[in-house]
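Labels for the chains are A, B, C and D, by order of writing; each one numbers its residues from 1.
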């Protein structure tokens, strides 16, 4: 039984961490950190936890917390962890960071896209990008995990095998992403009001969304060269779920023909056939966000367009589970040698 | 490890049973019965079950099924179970019926409200009304459980302690109930289309909804006399959740005063303090359906109106869990001597 | 062509006033008042008005505005108008107040329920409660109109004929009301975030909602005596629409029988048959909020319960139209002698 | 005052036609045609029309109808109009067809994508594609208008000026489209049930949606050459609204530079500056479906990505108005010489 602390426990991702860890056999939550609700009962902030969580919210003192727990989850705004992290903390505890602070290896890229000075670049190199299906082995020995973003997890996993196997022209990749509103967090902002979001749809962050360089970096490793993409997120009137629709030109075979369905499927199977949490759907099946809701699955489908020579890849996940808290727990399981799916055997809830 | 069969596995309640039983340590599902999808893969009907359920849908042959399993869940239309039930079946297996066939003791009342002839009234008497918090002991020894309806579970549990303790005038009880749309089932009917339900709200079944006599019968047992109520259901544009708002005149004390908050609270505590799945909220807290979503909880709150002498009681549950499949599993746990909460330790999902 | 000013033009009700007045032949909007957006383009606050409204937001200087326009709509927080109103202003312009400041005749009741000191009680007496179908004649000659609340308009009109005609026991009236979220306004508050409201339902303001005394006062006039009711509002995950479900005990005839459907229907027809904006539905038809969306209609239906001796009355309206801006325009039409339905010939939008 | 008939008046587009024509000064609806509801009151099928439309539904006898009216709107399934159209009918009345029967000039293309035999190819040539902003002059003299599809109107208008002016590589065009559910019609089908659509998102018709060749044909005229695109529609949990996100590679200037914002904007202005119903938004503004709801507007925004050399164009409209009934009325206005915006001065409803 290990002990865990959560900084940012009162955000939506923090609350989802609590939900998942409550069902995990090997973990006990010792610290519900929150900046806004210190000394308030956690269950009064999230009434769904009434009679389930009895604890009171603590502050975000990482140093003190590091003394008490085996792992800290930081579900905090950009810049928080980089601002407080020390070697001393890392010697005492593992850290799984749900923010973007340690996701990008090139600090200049981070500072340009996030418009924040990075306060502890010395830890960037050792941080492991916690995309479990891709970096499983490195994760196991890490002290600091950069848990991927929700859009990013979905975007990368959907294209990864085809980029890695060189089946598509990586620079033609266009990712049109759609997200439920919980991804916007629990801040009381006008654009996130029910009446502004409901019965509405819009793109945002067009050409400059912060998840773009994260996707480009990871797909660049797969491609073995720099990759430039377009990534366009959209806000959808639903609570949970991310759907990505990805377009890319297929590389032609020597004889000018396109890869077949079977060749593409084989590439996906090569990487995902043994992966519990990545489900490559049957032929012609398009993923739906509802089919993964509440679970740690990513569902992937694809369709070849003979007319245009492009492939359309689609991926779906629950942004709060595989896109945040679920993947964080999966990373924790790897870090501590637990069964990788412990606490994550969640059957998607329908409807 | 017991074996279970589900007749009506392809309805929403059936699918929820599958979700819950997948997380139950002591049960294995052997039969996914369906009238419409025989021989189709269950996971092609409910794609959320892809790579989770590998089985193919079977028919609804109860006699054959009784040979194979320890318990049968019937999540079927009114009249199905009454039409096929035999003593032979009941000798071989336990039955938990999610339909209304055996909920009402007076067959004439059943036939009047449901407008169906009851085909096996001989089993009505032995059937136990499976409201676990009220009938726990009788359930344990039963062969046939009449699993309560979703509206009914919420309506009864919210008022039960005050009726039982004689704190309210039972005949003044008015129940205004609101339900998510999954309660209407998965049938392809025009009034249940997205565009008809979304951004809309309406009452239906006013004065004649079939759950009315079920509530009256159960509260009548608590009151020790016949009770007549008004019950008005409403359709709400959300997937899951039932909220009931109940109004009743408080009985005055001998000195003309009303019962205090503490007296009412004590009555609730008397019946529910030790109940895991009934959460009586803190003073002035109103239940929200979202706080129980995906879980087996019923949340209850109340407020005394000194001006009118009435009490307003509110209850919330997830219609597919405590209102259907969750309570069915709870009943199964009681029937087979498992931990009552086995498979039901579900933390409500928010948002 | 008259000139109008709106104070509070950047709230949802203010924006709806703009929408309606844009389609009114006799009015020109001269002043888009706003506290938060002074000097910003109105169409940048409400992008739906792009290329439709070219004006810039003004402040809320009533004295200056009174010089310029024939009528002022105040869609402002409680206390604003009472705090600035003067005889001088009222001599220069008509005022239609969408806040509660002048709705309640008894200043002590106002101050108790709203917990605000009333700053200009001297104008309360002359203010006319602008429920057009009930107070049409007094409205025509008024200087100051207290435009009724959204819940109130729906609640009162649904019960009015039966109270007025003495067909129900007024003190048994229980109003269970459900509202879309636009009624909560455009303030950036956590409980109104999409993820908090969507897939959720709750009661609020139980026993103490501020619309209660307004309903009691108006129904008291109809009953010819003081009336005490229960009023319970609920928040529903939809943008627009109010549905009220009202319960009351029918007065029995001398022979102990209940009034018939025809007798009740006749009472409704007596008051509403000639009213364009009140539609008493056909027998057994229950109103749906969607059937009135975007329009100035109130739809009313009812059902007699012979078993309990109660009647269930139901009413539906669009809270931003008949519940706010539409009724304000209707009042303006009466004040200035325009056709009462001018600008309000809006066909409900479905879906 | 002209007379109009609607075949298919009981679908969502038909009902929207009724809503719009009710507010049109020059038209009277004489015939509410319906296959499913003959002899039923129209207002019983669409209760929003209670006390507004008194008529009873008629059949779909085009020949008889042609005798009685000046214009017929056919809001019917594919193949209906082609199956019944005759020269005799066209001599007597104008026809505005909301189906796809006469949208595509190449009958082989139609038959391949729709998998229906075209029963009256002899009328295809004279039919005018009723995209008002593009084909205004031809529309004025036509007998038969092929009213564009909802996805198509949005997709074409968003890209048209840049294709026409040769600013983008037309063959790189990728259209990712998102639609509210009313586009799926009022048929009682399982995938359109509330619980299947709500809290869900999916792509459908990937690589083979029927609107693809319609978009390709029209953009081909603009490009002056054949154009092949990818078009991917998605279902969104909202009633109304289409949003398209379009990606294309910008043609570089001779010096290798990309066109500037101003150059792109000038191209849009060249075609749309005087168009009432096309609103090109301010710089960096992304369209939202809610900003056009209930109105005939198309809102367009765009963003240049210097990194990838692509432009992202976005368009939004209400699929039932500009995407169906509104454009049909606009076409009727052109056909009969009415003010083009008559009956269409609808301010978008927010929220």
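As a working rule, a residue touches a chain if its C-beta (ideal position, glycine included) is under 8 Å from a C-beta of that chain, and two chains touch if they have at least 3 such contacts.
Bear in mind the structure is a predicted one, so any value in this text is a computation, not a measurement.
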Winner on C-beta contact pairs when B-C is weighed against B-D: B-C
Most distant chain from subunit B, judged by the mean position of its C-alpha atoms: D
Separation of mean Cα positions, subunit D and subunit B [Å, integer]: 46
Euclidean distance of C-alpha centroids - subunit C vs subunit D, Å: 37
Inter-centroid spacing, subunit C versus subunit B (mean Cα positions, whole Å): 38
Subunit C residues counted as touching two or more neighbouring chains: 12, 182, 195-196, 198-199, 237-240, 288, 290, 293, 351
In the complex, subunit A residues that touch subunit C: 12, 181-182, 186, 188-190, 192-199, 237-239
Subunit B to subunit C touching residues, read off their complex: 171, 174, 176, 178, 180, 195-196, 198-204, 206-207, 228-230, 232, 234, 236-241, 243, 245, 247, 286-290, 293, 303-305, 307-308, 310, 312, 314, 316, 351
Residues of subunit D touching subunit C in the complex: 12, 15, 18-19, 22-23, 46-52, 182, 199, 239-240, 279, 281, 285, 288, 290-295, 299, 345, 347-351
